[in-house]
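Here the structure is laid out as structure tokens; the discussion comes afterwards.
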């Protein structure tokens, strides 16, 4: 029930926010803030006062509820929340608030519609993280794209048309493969059990053999891997991230990418254990490739946001690595990386956005030695770049370390190459710090009187920084939440892959 | 006298049909095009008549009547259009009708 | 022919009556509003009568016609489309100097033809319906002949349509004739038996040839590649109501007819025909989408996209006999309904901003619409998203159905083509949406929403509602369709 | 008291947080007090802890602050482990650290980034303490990376000069290479032993691995990689000389006393692994040897006072590696200790010199500073004496122990010993070259910026207590530090037998005499009054001779390692990055859209609008379709 309330709050909140623009241009953001706070409170109260329901499959579901929807195809509104989903939900709402903070002063035109889209994106993501009926899942999977498309297309930067189109095309087309795979599953269920079903738990019973399993698995993989994204399918991401408004980039990098990883963990591997097992070596190779390649490309960028975008791809490589290691270390690592990268990349994009709003450029060649001018902003930039480098004591380290630790046990070679990514990460991060923060001050003259961080910004950064430190110093509080569900998922695949 | 084998009838119909077809494809004058269409339709009619005579059915005959009506209707509309066209372009050459393309 | 049977034909009778009544009205007094409302009322009555006609089981009325849930469903779709188009065409034609009224007669008669098509089971009926529809369409396409602006367009379109469709009817007829000559029957079901029992000494090639001639004719009406060339020109040249009618009623009736023909005469048991149809479908999907890619005239663009959509439809058509519990038929029916809703919606928006003097069918006309007239833009966006098959809309479920059918029919190649096609399709639909999103400096003058626009706006609202409702909670409809299909 | 061990790093960390959060609004006095005081506190605590530790019979002791992460078999806590080795390290770090902090309050007095400087320094001390206190390798890795970060920040402290930024980046990236190999080592250890707790590893490894087994070799080699990176040994030594771009106290604390010796600590800490892999241990020895010789020769050619000291640091750490390589664990630690004293002393003294000469680094621009800078002079004498291991200085004992241990090495004893002695000779040569050139002979110091105030231009030695006191203490320690005995025998129980080494009287004498000889020669070359003519003449002779010139350039450039890496790694990477700035993958996907556009433009041509063409295509279509149908 809480899930529906959550989604409803966001959907309705969005609608109200849009409507409220008629009253006053400042209303929408307030409404958005309220509805986000409400959902945050709901979620916190829920996650504090309840725990896994022992009766549920695997005894690890916090919620498991179902309402009939489309009986013709055995489609139901089947939603479930387990530790994994819960963590991601918390991340989503939290970053939703951050994105709100980023947009607070930045968005000046068509405010209502903006917050409408913002909230609907978040709602879609919440749906994705909770849906257990594959049709419902796919439904939300696509729904969350539209508002994001609008955000990029309307409030984006100079090259937004191209970026938005690219983003939408990639995700939609890959989504159709996903749809095909899902339908094949339900049809197979019909063949074997004489009724259509998109129910996660029903589909686990399907007996899949040989190449068929591989093909369907590939369908899922392509769908999710494009969103993750993996090396080779990543080229939508730099454009989308660099063209989106700050809030958009925050959500994209912080949350939307994670849906891909979530899909892989929840569906792609457990439903097709053998296929994934034989596929894992390929996946891990791709991951290592992606880590190195994108780190290298990132180093060459001059547009800050593009650079950060490429680093995101590189970091998602660790997630992929951890997932396909498919042991507890790897999975926990993947989850921690998702959470930590969610915060760090969001913060970095926010910083880049801050620079753009101050100096109206994202070109690193025009920005130099900001430390002298904007000490606080620079300090933040330093902190989060260091986090991105994977400095122990901060969340990213825990994630990457565990992923690699797990990956090493199943595929040492790929792991060693992936580990080299740590060096490259240092290379590009320090390069950015050198270019932008250090050196002698040099900014476009007309904006030379830029102010340092505003209060809202300070608040956002402080929250994210605290989050990262927490994850880095006491990750246990997160690991405990996700452990049960990860073990359950492993048990589904009989520990294979 | 023994009756004509129906294949012959069909072949004749086919020949007529092709003649009409060729007419449609080759003539530039819209009037001739319409006439060629008539030929084609009548070829179909002939085929039906032949077939129905083979099976001793009425259906084929009915179909023929239908075809005649249709042909009449089409010609009616067609001629109306041709008149309009002539008013506007002072020609009945269909090759002037290529305003819309791409 | 009992009275009960006669009652079964009530819808057709009512439609006919409507046409006659309208004619008499005109004879008595020309009054645009009156003729329009008479038509709408008549058609609505016909629509209502469907409820009473709805048979518990399939009813064969004479060898010629067959009334069953299937035909009733499609009659309903067609009548609704007709009603809406009639409503839309009122403001559209209202600034025509004279002869506004005859359009409605043509409309009613065309609908009559369409109704005959969807409830037939015999080649004579087929022919009759098809031609009634076509001949009326010639008229509708050419309707505002004396429109001053760019007036040769309607005529050109009409002449092209007339000649080409007559040509295609020729093919159909000749095919039927040859088939008849061999099998001695003009009824679908008998034909099916004759074919399944084998045609005696006749080589199968002969049979394939006949069937393909017929199918070609149908494919022309559905504007499938390679019989699609006429489509854009006719769509562009025709006045918007005619275009909308052609795009919806024309296509729906034809597709329904084709499906009935296929399911009753076991046509799909023949590999060669399935193979050809599959090729046709693939080609239509690719060519249609690619042709639309950079098109900037909305009418042409929608015509190209309709080619692609019919291609999608054929995927479901050729899997009809392979799918479990007749999902194929369901898929086709649902898709056609969805297609009707979204095309009427899209054309409806265009009709609202256009009139017979100036048609606003260029993509530039809609730039920044989102900020000038959010309501219309919203509807248009929804329709386009639906055409692109994006969730929350009925179009998505339509595509979902097609995929389901395709998966069950194991038409992997076609499905892959469809994925590619949809990718291309997204591009041009989003191009329009983006155009509406980008603000425009100089405003395009929109007809102020006076009373005469009120009805169309309400209709748009209804369409939007349908689009979303059937897109989000389609359960009941799907259930109904399932029963209908299994009854067929 | 030991239960408060957690406070050791907590104090400096708190200092760091305070300084950061104050955002530079504090007055310098407050900042200085916080900065130096926090470290002072942890030094006091360390002293108290060590007293308790030694009284309680030197029992190893560990305390868990909180569980860090428990995943499956991996459970690591924030756990601190205390034994003799750790004790020595924390004393060095907090003690020397405190002195250097004190010194810095004077040295950095008029620097705008005063607070920032101390915040970084505190963070460094904190992470260094974590490094040595860690009881598991992940926690150690945390400290390991932490010190690396601080080193980066402090080298690039004067950020407005890009050169410093470059040096800092170089330092971080090069050490990161080592760190990565170490991380992989961790993965390997975990996958083999299922734990990362150091003590457990040391217990398990011998039971699971046979001596010289592949796993042992791999693991210890990977760890060695990390150590080599941090401790600037061949082949990863190139970053340290450039690291001198940072303020001098940094060089004293990080790049002489503490961080660079972390590698030594790591190997000593995991010595059992290395004993399981004799081949790797031998490599350690030879790495040490090669490094100390190479660095020695290079130092001889440098002109920059700090670079000379940097190279000497490298070579001294080489000695420690040598000791580790021959299994003289405690000797290594002992040398680590004494080196911390005298090298810190030298750097700080050099700092005063540089400060009083307005950041002049070139020794040949100095000279005759004996009178002007007495304090620095005496400090230098003491420090160099210890560095050169002149008898009865601290360095003498430690280096002696190392050389004797090297001599005892079963197979390569003589070779290693000769190398070591040669190194000692070089040490004497370059260190006293430094002393003589800077403090004797004529003054070559011409005041730049004469237009400045006199009190700016003049050469005055800053002998504020804050800077004088540390120098004094360190000088004393460098002299008598040799008397300290490091309480590590318990740690290296099995390694102890190497310690009481035997060498013939002759060799003993040789070891004592050679450094003295070295001092004399350098006196002849640089110190004597005839230095101006004879010395200069001789050096000219050496330089003009083709071989001499070549050697000079070769050694001066640090044996061309930098150039090598530039051409082998850096430039290719840059080139690649430039070439592929527009992600090739992207182009691939964009080409698809070109294909689509092309297809569109081609297909549009079929829409001629000409009706007869349409009719023809209709018929053609029919023919094709029927053809296909019939063919199929």
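Each chain gets a letter, A, B, C and D, in the order it is written, and its residues are counted from 1.
We adopt the following convention: a residue touches a chain if its C-beta (ideal position, glycine included) is under 8 Å from a C-beta of that chain, and two chains touch if they have at least 3 such contacts.
Predicted model only: the values in this text are computed from it and were never measured.
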item: B-D or A-D, whichever has more C-beta pairs in contact; value: A-D
item: Distance from chain D to chain B - Cα centre to Cα centre, in angstrom; value: 97
item: Interchain centroid distance [CA atoms averaged], chain A/chain D, Å; value: 38
item: Centre distance in Å when chain C and chain D are each reduced to the mean of their C-alpha atoms; value: 78
item: Distance between the centres, which are taken as Cα means, of chain B and chain A, whole angstrom; value: 65
item: Junction residues of chain C, two or more chains touched; value: 159-160, 163, 167, 232-233, 427
item: Residues of chain D touching at least two other chains; value: 604, 607, 609, 611, 615, 619
item: Two or more partner chains touched - positions in chain A; value: none
item: Which chain pairs touch, all of them; value: A-C, A-D, B-C, B-D, C-D
item: Contact footprint of chain C on chain A as seen in their complex; value: 68-73, 110, 138-139, 142-143, 146, 149-150, 153-154, 161, 164-165, 168-169, 172-173, 176-177, 179-180, 183-184, 186-187, 190
item: Contacting residues of chain C [partner chain B, same complex]; value: 123-124, 127-128, 131, 135, 138-139, 142, 145, 150-153, 155-160, 162-163, 166-167, 169-170, 173-174, 176-178, 180-181, 184, 186, 232-233, 236-237, 300
item: Chain C partner contacts - residues on chain D that touch it in the complex; value: 596-597, 599-601, 603-604, 606-607, 609, 611, 613-615, 617-622, 624-626, 628-630, 632
item: Contact set on chain D toward chain B in their complex; value: 604, 607-612, 615-616, 619
item: Of chain B, residues touching chain D in the complex; value: 21, 24-25, 28, 94-95, 97-102
